[in-house]
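Scrolling down, you'll hit the structures one after another.
In the two complexes that follow, chain A is the common piece, with chain B as its partner first and chain C second.
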Partner chain A sequence: MDNFIIETKGLTKYYGDTAAVKGVDLHVNKGEIYALLGRNGAGKTTIMKMLLGLSMISEGTVYMFGQPFEGNKREFLGRTGVMIETPGFYPNLTATENLEILADLRGYVKRDAVKESLERVGLTYKDKKLFSAFSLGMKQRLGIAAAMIHDPEVLILDEPINGLDPIGVMETRNFIRELAQDCGKTILLSSHILSEIELLADRIGIIDKGILLEESPYEELKKRNMHYILLSVDSTETVIHMLEEEFHINDYRIMRNGCIQIFDEGIQTKEIVRFLAGRNIYVDAINKCSDTLEDYFKRITGGEGIA
Partner chain B sequence: MLNICRNELKKLRRQKTAGMLWAVGILIPAFGTLLCIKNQYPFRNLIGANVMFGSFLMIPFTFSVMLLNLFELEERNHTLKNILVIGIPGWQIFLSKLASALVIVVVLSGIYTVYTVTGGIFLRNYMPDVVRIFGIYLGTSLCSICATMPVLLLIILLRKRNLISMIAINCYVLVDFLFTWQLSMFHCLDMHLPVLAAYRITYPFTILEYTDNLQRGLDILYYSMDRGLFLLGATAAVSVGISLWLYKRQEADV
Partner chain C sequence: MMRRLIRAELKKLKRQTMVLVGYLSILFSFIITFAQQMQIKAGAPEWEGFAEMFFYNNAMLFLPFTVSLIGGYMIDQEYAKDTLKNLLVIPVRWQDAVKAKVAVLFLLTVRIALFETALLLAAGIMLKNRPAVLIMAGECMKAFAYNICITLGILPVILWFGKSGGKYIWGSILSMLLGISGVFVVNGRAVNWHPVTVCFSFLSDVYGEKTAMGYLESGVAIFLYGLLCVLVYRIRYCRGNKTVISK
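After this line comes the complex of A and B, so read on.
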């Protein structure tokens, strides 16, 4: 409990009668990279905005650093670096000028903070190029630089690799990893790019239609859910009923082509074959398979993939 | 607060709208000054012209459009969230933008003082009292700004629709100026419009030397100072109060 840097209890957001976020209980541990994974419009940004006080909370509570956010807002925001949605800066100013304004407003940043944060993301200090002439990738980098300018303990990054070229994606990924591993920063990021989440996150929160469906360490998720038995039989419904009774399976899915995916652990394929053969049921095929994160995401959200 | 205000002004660097506003605010009273020099008017006419076209037209115009620009640039560039995540409350952002626009008013008053002091050298009855001249411009400008403060409501309500807000606030400033400029033609001496009160209570200060004609004007334009100040203060306070309330409601969800 004490180790949670960010924790929410029953976080809910209504827009009129529509719930954009419903009863989210989020737990971000110190020093980890926590990734919120969900489709566009799933509620990732809304959750982040509520965490930062940028959006009114309809119900629920946010705790940061073990204390309620409300009442300690200014202190907590001073310890948090943020990049929400598209990075917004003044187009008539250079990157340095934009960051100098933010540094000045924060008021307690290091003397060379602007230079250091720009160089860290690969932008040139005192470059005369105006923000209006920046590419999307450069804008994204500047957004990250702005989030780090005051050396925060926590970074909240909304879609940090959006718009970056492959090299930029790799650099940003390494850089985020370095921040967590070497500098001990806690990072909460959101993304809909599964491949990146797989490479980056220590823990994953899967969100769909405003509901946090699952929150687990990535390794555990991989171990627990990525393996399943794929069974192809003629009478699917009967077989499922029999397997439920015999093996007490409850985590399975019937695919459109009639195949059954069994996700329950501890069941051997040979046991299933022996059992079905004993009841004169012909097994077309049976395989031990591994899911990708995308397959798993599809399964628990009950829909299409996202990236 | 001062820090936020200073940074608000930094945001206007290299901005075309701000540049054009400065140019208009600076150049138009320059033409007025040149006109007075060309026609060899007395020095008091130069003061009168700069008060009328500077303090009651150019300054409310520059103030309103600059304020709209300051609010609107955060919307256009999605930068408000950057400031809010620092922990600066919405009311401070609001008031610092207002203060920045007022700084521009003070700077323009200073520029008009320079015009007047320089132009006056070529005119009759020149009185090079820089402090008094600056006081006249600043006083009339601030009164005029207080009278124009309801424009803040238009800015807050319409700032997300740039063209409409620009047209609305310009119309507001122009109507106010027409009332002041054609005070007697519109038979508005019985009206208690803030801008008319602002003009009438500051008129005595703009007279550097009394003549029969000016004394007669003063008698006609008389408006009690306490009532005028109350009217202006109330206009400004109510406008700022309601606008701030609206702003905070709108910014509850960025």
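After this line comes the complex of A and C, so read on.
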């Protein structure tokens, strides 16, 4: 448990009889960028809210910095920066004034914290523009600045690139990466934008209908699951049985069109062809394929694409 | 922490239209009083009468609605603008934030009292009947006391409706009706118990029961309104775990 900055055990949230989040065991390591990937309404924000004590937990426990969250809330929140959902600020105030309020309430921020946070996200310090006149992208940047104002060890960012223009997306991505790599911050973020997750995350948790389906380092996930052999034969059931016996495969999937996807590593296509030819089985096609993260997401959630 | 919260609440009032509405309503009350006085006294109104009527108009027509509107808005905006989550993750207890808002609301009524005093001074100049400094200071203290007592009287309404997501405007309307209902009790025995006229026996030169019993009743009523505020605050903001955004 000590290695995990954030850990949950059986985290569950019921709204009436409906479970919005079911038995989630989340593990976020120190210094990594962990991305919660899921469709809208999958339960990402609910998990984040429960982690922060903003939403009551129905079942399960949250651990932060190796200690139970309950009873250490004040200390843990002081070490955590948060941006949940659309950033909310006072519309009659400027970005600087909004951040000054938060900095003052925190009470232990550096003297130039407001200036530094704003400049870090590309907003001007002491700009006269009121929050009510901000674009969605500027609001998002201000939300991130507010999360960083007290130089936290952990950042929890809910959809941080939502509403940003392409340049803003790139800049945000770069500084999130910079925060993790150069400053050693641990970042838990959520997103439904697969392309960004692919470029940013060290570790991915795939969540669907409130269930955490898979949690693994992105590189491992890519290596393990996103490469497979696609085999097209006539008698799929027989072939699968034979391959199970000969190559001891156990990670495969029979597709609706009769093709077989074999995810087990270490099997060569030529070995399969030679083996099946030896058994007088005609192979229509065999290919080494690579899934995109979206294909993989669709496969494991058993549904449509994410966006 | 409370000092920081109060400071934060004061900063949040910057460029706040609601506060401007508050001052405008007092100005409107001033204009109405001036028109009334001109009507009654046939062009030669006296400053003392003007001041009494100005406080009366404020109490019955403007202050309950205005204070309730500002107070309700101060609480409601944290829900409406979705800023409550920013406070809770600091972490600031919502109960403490509400306490700070109430404190700032009282400070604001003091500021409004200063504005009222300035208007009274302006009236004195306009009526060519400028009061002595001591009398002016007395009227200023009276304005403070009126505003604080009226705010205390309607604070349970503010606290109740402020929590109900966007319904603070109904609280303001109820407060306005409470204020207007004061017109009907001001000459009766209920004057010492009504949330808006509760302080009249102490402060008004004309209204309220100026007897030991009257003072006692008013004192008890003010205490009971204070108690009611605490009760509503505890029910609406402290019962269960109110520091979470969603249950």
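In this section, the second predicted complex is superposed on the first by the 306 of 307 C-alpha atoms of A that agree within 3 Å, B and C clash if a C-alpha of one lies under 4 Å from a C-alpha of the other, contacts with A are read in each partner's own complex, and residues count from 1 in each chain.
Note that in this section a contact is a pair of C-beta atoms (placed from the backbone, for glycine too) under 8 Å apart; a residue touches a chain by one contact, two chains touch by 3 or more.
The structure displayed is predicted, hence computed values, not measured ones.
**Student:** Putting chain B and chain C on the same copy of chain A, do they fit or clash?
**Tutor:** clash
**Student:** When the two structures are overlaid on chain A, which partner does A:P68 contact: first (chain B), second (chain C), both, or neither?
**Tutor:** A:P68 sits against neither chain B nor chain C.
**Student:** So, does A:G41 touch the first partner chain B, the second partner chain C, both, or neither?
**Tutor:** After superposing on A, A:G41 lies clear of both chain B and chain C.
**Student:** Quick check for you: in the superposed arrangement, does A:G53 touch first (chain B), second (chain C), both or neither?
**Tutor:** both
**Student:** With both complexes overlaid on chain A, does A:G10 touch chain B (first), chain C (second), both or neither?
**Tutor:** neither
**Student:** Just chain B (first), just chain C (second), both, or neither: which does A:G184 touch?
**Tutor:** Touch status of A:G184: no partner.
**Student:** Please write out, lowest number first, the residues of chain A touched by both chain B and chain C across the two complexes.
**Tutor:** Looking at chain A, the two contact sets intersect at 49, 52-56, 73-74, 77, 80, 82, 84-86, 88-93, 97, 100-102, 104-107, 130, 146.
**Student:** Where on chain A is chain C touching in the complex?
**Tutor:** Residues of chain A touching chain C: 49, 52-56, 73-74, 77, 80, 82, 84-86, 88-93, 97, 100-102, 104-107, 130, 146.
**Student:** Which of the residues in chain A come into contact with chain B in the complex?
**Tutor:** Residue list for chain A touching chain B: 49, 52-56, 73-75, 77-78, 80, 82, 84-86, 88-93, 97, 100-102, 104-107, 130, 146.
**Student:** Spell out the part of chain B that touches chain A in their complex, as residue ranges.
**Tutor:** Where chain B meets chain A, its residues are 3-4, 6-7, 10-11, 13-16, 73, 77-88, 252-254.
**Student:** Taking the complex as given, what residues does chain C use to touch chain A?
**Tutor:** Interface residues on the chain C side: 1, 4-5, 7-8, 11-12, 14-17, 77, 81-92, 241, 243-247.
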